[in-house]
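Two complexes are shown next, each including chain A; its partner changes from chain B in the first to chain C in the second.
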Partner chain A sequence: MRLSSLARGLLAAITIVVLAAIYLPLVVVLVNSFSTSTSLTWPPPGFTLEWWVKAFGNAGALDAVLTSVQVALAATVISLVLGTLASLALQRFEFFGREAVSLLVILPIALPGIITGIALNNAFRTILGLQLSIVTVIVAHATFCIVTVFNNVIARLRLLGTSYEDASADLGAGVWTTFRLITFPQLRSALFAGGLLAFALSFDEIIVTTFTAGSSVKTLPLWILDNLFRPNQAPVVNVIAVVLVLVSIVPIYIAQRIAGAEKIAR
Partner chain B sequence: MTVDTPTRPVGRPIVPAPRDTVARRGSVFLSRHPRLRLSLLLSAPMFWLGLVYIAALAALLITALWTVDTFTGTISQTWTLDNIIAVLTGSLYQTVTLRTVGVALLVTLVDILIALPIAFFMAKVASARLQRVLVIAVLMPLWASYLVKAYAWRSVLSRDGIFEWLVAPFGGQTPGYGLPATIITLSYLWLPYVILPIYAGLERVPDSLLEASGDLGGKTWSTLRLVVLPMIWPAIIAGSIFSFSLSLGDYITVNIVGGANQMLGNLVYTNVGAANNLPLAAAIALIPIVIIFAYLAAVRRTGALDNL
Partner chain C sequence: MAADQPAIRLTGLTKTFGAVNAVDGVDLDIAEGEFFSMLGPSGSGKTTVLRLIAGFEQPTSGTVSLFGQDVTDRAPFDRDVNTVFQDYALFPHMSVLDNVAYGLRVRGMPRRERHALAREALATVRLEGYGDRKPGQLSGGQRQRVALARATVVRPKALLLDEPLGALDLKLREQMQVELKELQRELGITFIFVTHDQEEALTLSDRIAVFNEGRIEQLGSPAEIYDKPVSPFVAAFVGTSNILDDTLSRLVLGRGGIHSVRPEKMSIGREDTAIHTDREVAGVLAEVIYVGSSTRLIVDLDIGTRVTVLEQNDADRVGEDERGSRVRVGWDERDTVALAAAPIPADDLPLLTRPEPATR
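Take a look at the complex of A and B:
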């Protein structure tokens, strides 16, 4: 198949149009963060830095960011451990019920968040008699984050095969040594990519969070939901969104670099 | 693992036997017992998912068979099928279910149609450098809060928003708030989740295969249809699971841009919160659970679940 230059040009044009459509609302957010209008009218009536100053002095917002980072970090660490264990078990072994286990890993992301949310809410409060807290949020988030790590790691394991591990074992390395020196280094970028996705998923989750966070816990999405419809807070929310997108370039770029370097090395 | 001591080759030093430590013995024991290794690997994730998740889901389903005491507002554990029957026969639930499934299907279709050409461009046309930039460009909006993006669409589609401002010179006007706005916003929100698996699937299609098809006389269109599409089908289905299931349970976007329309998520939400009727909410939640399970069962054989 040779793509004609017309087809290439057409594909490029579609890509540009789609990317423009993807970034249009984000540009609106960026522009509105400097707009003097609090009701987000277009075109913006005037320019101001008021919201940016307010955002960085807003204790509620900063606290919420901190809470979200804590939740996302904890959920990511748990899902990295559990996801790696599950993918090693499913990729390296044949056993009865393997398909059921893989379905079980996928289920928390495949079922709508509101179901996961009310199921866990009911389990935590009514069955276990627990108070909702930051811990219940972390448990809930880790549950649906496992699958992102699992998918990245299992795809990598499939690609790697077992020849290096076999060689390591033949040369006398124990199970743990082989994992530490052979398997883990080859998984590192998959773990980074999976972990990054898990972090992003947790950081932005609102529905499950609504049902598993007590009134004392305010993650960033919960804070945003509280403030989005308040006229004087909506532009502050825009500022935070802009900052988050800009900050996110760094980890995504690192992940891409690692993946790119590995592709060349292979 | 265990090797008989070979006759020593002339002139080579003996490799000292590993020291007999506890760790060593454990390692030997583990490598001789693969089943034990498997159960050690599986126990933690299964403990977590089984205990936290499946138990919670099962408990929720049981709650659907209970009822709420109308006087005290507490759940009374008398077994009844009333909730399930109410959900199955109520015209409100039928309408909302049809509307929700329709929206989810349309969102999925729109996302796949948009994702296919852009993923193809990323994987097969763009240079390695541009490819990296494009992946970043697709991933970055994921980090702007879901709520902020939904709200941005509210602003874009409002009467004095940028959409009206852009199309008014051509005689167009904004669709306003309602189901079309909901479909646009949801498609927008889930698009990266659909692009990424399809892009990854296309990356796995070797260029040599496309060339071979061309050498054998395959036109562009037939190569796409007969070679590429069957290979990336699991990836497309994988993407569709995201957009379909995320749309099926959404109730926030429809609140922000959907006008007065309700989706299944809204019904569940009101019954948990304002109406304080968890049994009925659980019974309504059964609808998306059944739909998703049917969907997963239908696509299981395509291998899509390995492509998420």
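Take a look at the complex of A and C:
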């Protein structure tokens, strides 16, 4: 496509403005984490590593990181298993209500977090009579993390078609052997990408977490929210925020790289 | 197991997809060691019959028996037949050797043993030394041979081949046809070969079933199918035929019914020369098409129809420069084939003669 130089300049300007609007605040957070000021003043009066040192000695913050990692890992594992099963069922078998089930599986990602949160809170406490705990957070996160796995796997299954599975059955392999030797190896990268996204989604989730965590469980986002407006904690929060951004971005970057590499390989 | 047991027996086999009768009451016995072809236009149900035999589809009604055993309710992995798929379906994440060894692997054969057998199978399709490659690194013809090796290494009692040569160019195709035939003779097993290429079916097969709209229109040896087509559909689908409908038959032959005459059985001569055949009709030369070893001449007969005549090329043939001149077309009574007097659906036979495919 050819554009006039005016149009090209305009497009470039819009792109720069949009990207700047997204990423400049992140840069501010990064810079502030090295600032000598404790009150998020701009520009920073001086530079220090004090907050980074403090952050890594902060028991509350480290605890929160650990909790978040546990929640994200568990939610990811659940999503991988259930997401794969659901996509296999919906892509490989005909049954009544298939379309409806398919929609129901994807819906949680579109539901407002606050609705999911309130609904799950209700279900856990009043209907099931459960104490809110790390387990309830994990289950809550899994409800929407499944979607990323499901979407990745079902797209791959559609692309693969059934002919490899037919060929495997034709050569004498049962259903499980076919899955293990033929389907799963070809799903691996889709599972990896879906799992990474699920991890990132869980790691920085805050709304649903608020409603399902109770008072004893502090994930990293919850800890940040608690500490953001405490005067002496603000710089430490900046440090944690930077870490959180990195932990969220890296998996997405890797997932994108995998998708890109596979497109080229095909 | 009785010795005269058919390898494959289909009884009343029917498969409907929604409103479509993909397969419509097929009864068929295929003998052990037979090279059997299913020939038919696109959508006539050939693939569906194959998938029903392999077990990928469940029939709406009817049964599939293999060597006297009813296998209608058995899963594909529980049937003693193997398939060579139209798109080969080689596992892309496995090496060629592992692909070929797959059927042995799922039967629990140890690695060393199955690799030895797989190497042997690769040798029979002349692909020794290719075992370490991935399927993506092979040419179309090589992939096709890997698919053959993979399906035959497990020693099936019958091999189902769904247009296995469809993706190959003409030269490779002809070469692979010979190899297929040799392989079948070597293995001595039943081959069921699906194709929509009539020439391929005629050269390879012991018997052919011509499919039309989910039914077998005619079943017989290649010679029977070609020389004695039972219906206008078969006459037009297998090779080229000049078809005389009821009115024209009365006019030219002096009797009713539908008749066909092959283009190569017709002779052509200039208006003033005698051609010494039982039947002679005058007309105008409409088109002359040179096809290498022979020439196809299209003539508009005065009785109101168009016929195709195939003539070997020799010095005195009617030439291209004679387009538009008056000619005589003739043929002998013994080359006139009476087709079933079934009425021809108008849209099945839009032209009186079907042109041969351009690639042939």
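The rule is simple: the second predicted complex is superposed on the first by the 225 of 266 C-alpha atoms of A that agree within 3 Å, B and C clash if a C-alpha of one lies under 4 Å from a C-alpha of the other, contacts with A are read in each partner's own complex, and residues count from 1 in each chain.
As a working rule, contacts are C-beta pairs under 8 Å (C-beta built on N, C-alpha and C of every residue); 3 or more make two chains touch, one makes a residue touch a chain.
Computed from a predicted model, the values in this text were never measured in an experiment.
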Applying the document's definition of touch, where does A:232 land relative to chain B and chain C: first, second, both, or neither?
neither
Looking at the overlay, does A:174 come into contact with chain B only (first), chain C only (second), both, or neither?
both
Compare chain B and chain C by how many residues of chain A each one touches, and report the one with more.
B
So in the superposed three-chain picture, is A:95 touching just chain B, just chain C, both, or none of them (first/second/both/neither)?
first
Go through the superposed model and pick first if A:36 touches only chain B, second if only chain C, both, or neither.
neither
Let me test your reading of the model: by the given contact rule, A:131 touches which partner, first (chain B), second (chain C), both or neither?
neither
Going by the contact definition given at the top, which residues of chain A touch chain B in one complex and chain C in the other?
169, 172, 174, 177
Spell out the part of chain B that touches chain A in their complex, as residue ranges.
1, 15, 18, 23-24, 27-28, 30-31, 34, 37-38, 41-42, 44-46, 48-50, 52-57, 59-60, 63, 75, 114, 117-118, 120-122, 124-125, 128, 132, 134-149, 151-153, 155-156, 158, 160-162, 165, 188, 191, 210-211, 213-214, 218-220, 223-224, 227, 241-242, 245-246, 248-252, 265, 268-269, 272, 278, 281-282, 285, 288-289, 292, 296, 300, 305-306, 308
Using the touch definition up top, name the residues of chain A that touch chain C in the complex.
163-164, 166-174, 177, 181-182, 185-186
Contact residues on chain A for chain B in the complex?
1-4, 7-8, 11-12, 14-15, 18-19, 21-26, 28-29, 32, 40-43, 78, 81-83, 85-86, 88-89, 93, 95, 99, 101-116, 118-123, 126-127, 139, 142-143, 146-147, 151, 154-155, 169, 172, 174-177, 200, 203-204, 206-207, 211, 220-221, 224-225, 228, 234, 237-238, 240-242, 244-245, 247-249, 252-253, 256, 260
If we count contacts the way the header does, which residues on chain C are in touch with chain A in the complex?
54-56, 75-77, 82-83, 85, 87, 89-93, 102-103, 105-107, 150-151, 154
